[in-house]
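Two complexes follow with chain A in common, the first pairing it with chain B and the second with chain C.
Then we have the complex of A and B:
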């Protein structure tokens, strides 16, 4: 009964995805919080789409896109000689898109609540825009960053439909814990399914409880 | 075009032309490189916009391309913008570290603004007046070439204002750093400033030494409730029995309630136009303590029923607000010798 393999793979996927989402999501959230361009709602809608779309729709398009004849998958195939679909790298890309709103929205909310004049004060005190971002905006948005990290991590850990369609079920490569549970239920191994499900249940509760506790105590004021 | 640069040793050129929506700012003046220059105007006249242009916070058409952090201009906002995640000391050091150049001595500024006991506190625990003092210290220690203050007292109640004003007096007395002080309160301007710019609808309508500008009758913004003059006077004698101090100025003597040390340096007295009335002959048996001979210098209609009259006495001026009917009844004309009754005097500084 291997529980740890799929669980470890899930944790790896969630960690890498969270890290990538910090790199991509932070500038997107900052731009969304500052811009006044007319097409901002369109960008917001695209970022939020994974929340409302069925995972199968996301998974279907990602499969097409990442497949060896797709725009991204074809390019990747030429570059590396391997396909993105049914690989860990493909899962990371799919997870980043799928969890994007869970990283961007908390950060955007945090950035939007920054008083504009406080940044102006930082600038007139000799800080460049970049300096003021890291020395004022980031520490003042710490709660938003914690929320974004926890939600991205937990949401990636819990995804199922997209992973199944893009990644399939390859042990050690794409067989994450939610797929493993599905497998065990399919083959009527309820005992093993119970073990993994309980573990995830406890994990989800612990992580969310931890986040709310931290956010309650760790207010910048 | 916009720039803050020394064109002569004595003046800082302030030139800004910016269009922001329907509002146009068009300013081209030189302000003294020392002392406090007041910017007075009604709300919506462009005072704050002018400061934001100087600081580089407004990127209207045709403004300087230098970003705010490269301009050497410190900005004290109406609401102090302290960083909540830093201590008071961290806030003070924020600009000081980034300035690199050594400006004022930190201990001196901390002492001057009375914030020594607050250094380890977080900004959230400070009162409005304390927070504003910390913000001012942080701006001064950033070693700016020019300090902008945008109504730093406006968000405080009267008690906090009275608490902060003596600290601003000290800045005025002890620092040579040029300060532009924006306010819609003529009392604050009279107390703190040496030089005055009057702004109306995005343009400077008067610019010069404070006493001279206040003595002008042709500046509409100064003609309403803000009309009045300032004179410099020396306290000479204290009458303990009645708690009155006798002040001497170029046009005579004034009795002012309160005790002011004789031999002290000149103090600034403000006399509002509504507190001055005019008599043809020296009034007998009046409750008004201060009656002074004066010559009518100019009469200017300011409203449907009122005129402003400028009275010359020595090298100083008083402004009186009187009804047009009285001007007609008494047949007041330029050059007439009259008596001014002064009902109330405010001592500044």
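Then we have the complex of A and C:
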């Protein structure tokens, strides 16, 4: 089936994005949950922006920024001789920005609900801040991590507008499943579009159902 | 309660107060269509028209699924014919309003002084943008040219697909693609960065880019829409269309 290629590509993109967002998002979420600096709301606003910005705004800026005349794209072009746009790497950058709030916010909420005494206890017992984080904060926030992972993954899978603007629709590299469906609808292949759409519908439901089931089991009560 | 009823009664009147009509325009013709619309409104003062742009394939799919368009300016002859056959268009209204041509364009400073076509042949480019051949006639023509020239095998590894011809131009205008096959008509676009190289593609190297229009079923009795279709075939309109780089058979 020619639709499996784009689906697999979307899954790969979502996996890589989720992984990168864990690396970037965890420290950001942790910092946001602990800090009392005055400009914390500004950082929160920046993190949340992709939720309200139209994908076209991000797509436009990324097209310019990642292109050979842009700040990031120009540097990349010097380095590799190719542009970041129309590449898988470019899509990973776009997806990480696009899905950032879906990773940071659940983690931040989880960190914020940690009882302060637990960490203080760990510190008084001689645990370093790093130890306390990994052996106390992380296990106790697993619910937040699961939510962050599922939402980042699923949200990236559902990405369309940004990819349409910076992807270039290259089979095997940037033609993700949402773009493939769009193509099929445009070229009147409704049969294929139905197959793929139905698969995604079932997938989205299953993933979200799984997340809510897991979260219910882990709820404190 | 009475006010509410009154409002409810007025609502349909408010919604239908606009007696204008809607025109679906293939992206390559968007700029020219704007000029034509302005001229038509000034000269004929006959209803307001609103333009929607998109790839021919997308507009076609929207029309057969009930999109409220009155006139369709396609980038090909195929879709208007299909619309006529399927009863979505008023029979006998189909006509060629313009014949387009393709150019290969770049703004890349490194190509200064070179010939675009030679750059393509030598493969001295990073990315080549063409419109999606499945849905956009100008993309199909570009593909035919590349195949005829034996350049497709090399190009296919570096090609990026624009959703429509305007996006294709955009990819090259932002420098993300070195070269792009676009409609010659787009070269008059005011926002276009200065051209570094441009090669005309011989019309003999691809199927004719005959662009046809058709009056859609729902507009059969729409006087304004009918007069717009008539206007598009007038000498006055032809002059505007030709000025934008199309050929018109009068």
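In this text, the second predicted complex is superposed on the first by the 217 of 221 C-alpha atoms of A that agree within 3 Å, B and C clash if a C-alpha of one lies under 4 Å from a C-alpha of the other, contacts with A are read in each partner's own complex, and residues count from 1 in each chain.
Here, a residue touches a chain if its C-beta (ideal position, glycine included) is under 8 Å from a C-beta of that chain, and two chains touch if they have at least 3 such contacts.
Everything numeric here is computed off the predicted structure, so don't read it as measured data.
When both complexes are superposed on chain A, chain B and chain C sit side by side without a clash.
Applying the stated contact rule after C-alpha superposition, one finds that A:123 touches chain B and leaves chain C untouched.
By the document's definition of touching, of the two partners only chain C reaches A:186; chain B does not. Within the superposed three-chain model, A:76 lies out of touch with both chain B and chain C [touch as defined at top].
Legend: residue contacts after superposition of the two complexes on their common chain; A:139 is shown touching chain B, with no touch to chain C.
In the superposition on chain A, contact of A:115 is made with chain B only, not with chain C.
In the superposed model, A:131 makes contact with chain B only, not with chain C.
When the two structures are aligned on the shared chain, A:168 is found in touch with chain C, with no touch to chain B. Contacts of A:63 after superposition on the shared chain: chain C is touched, whereas chain B is not. Superposing the two structures on chain A brings chain B to within 51 Å of chain C, judged by their nearest Cα atoms. Shared contact residues of chain A, touching chain B in one structure and chain C in the other, are absent.
Those residues of chain A whose C-beta lies close enough to touch chain B in the complex are 115, 117-118, 120-129, 131, 135-136, 139-140, 142, 220-221.
For chain A in complex with chain C, the touching residues are 63-64, 66-69, 73, 81-83, 85-86, 164-166, 168-170, 182-183, 185-188.
Only residues 55-57, 67-69, 71, 73-75, 77, 79, 81, 83-85, 94-95, 98-99, 122, 124, 135, 138-139, 142 of chain B touch chain A when the two sit together in their complex.
Those residues of chain C whose C-beta lies close enough to touch chain A in the complex are 55, 57-58, 60-61, 126-127, 129, 132, 134-135, 159-163, 167, 170-171, 174-177.
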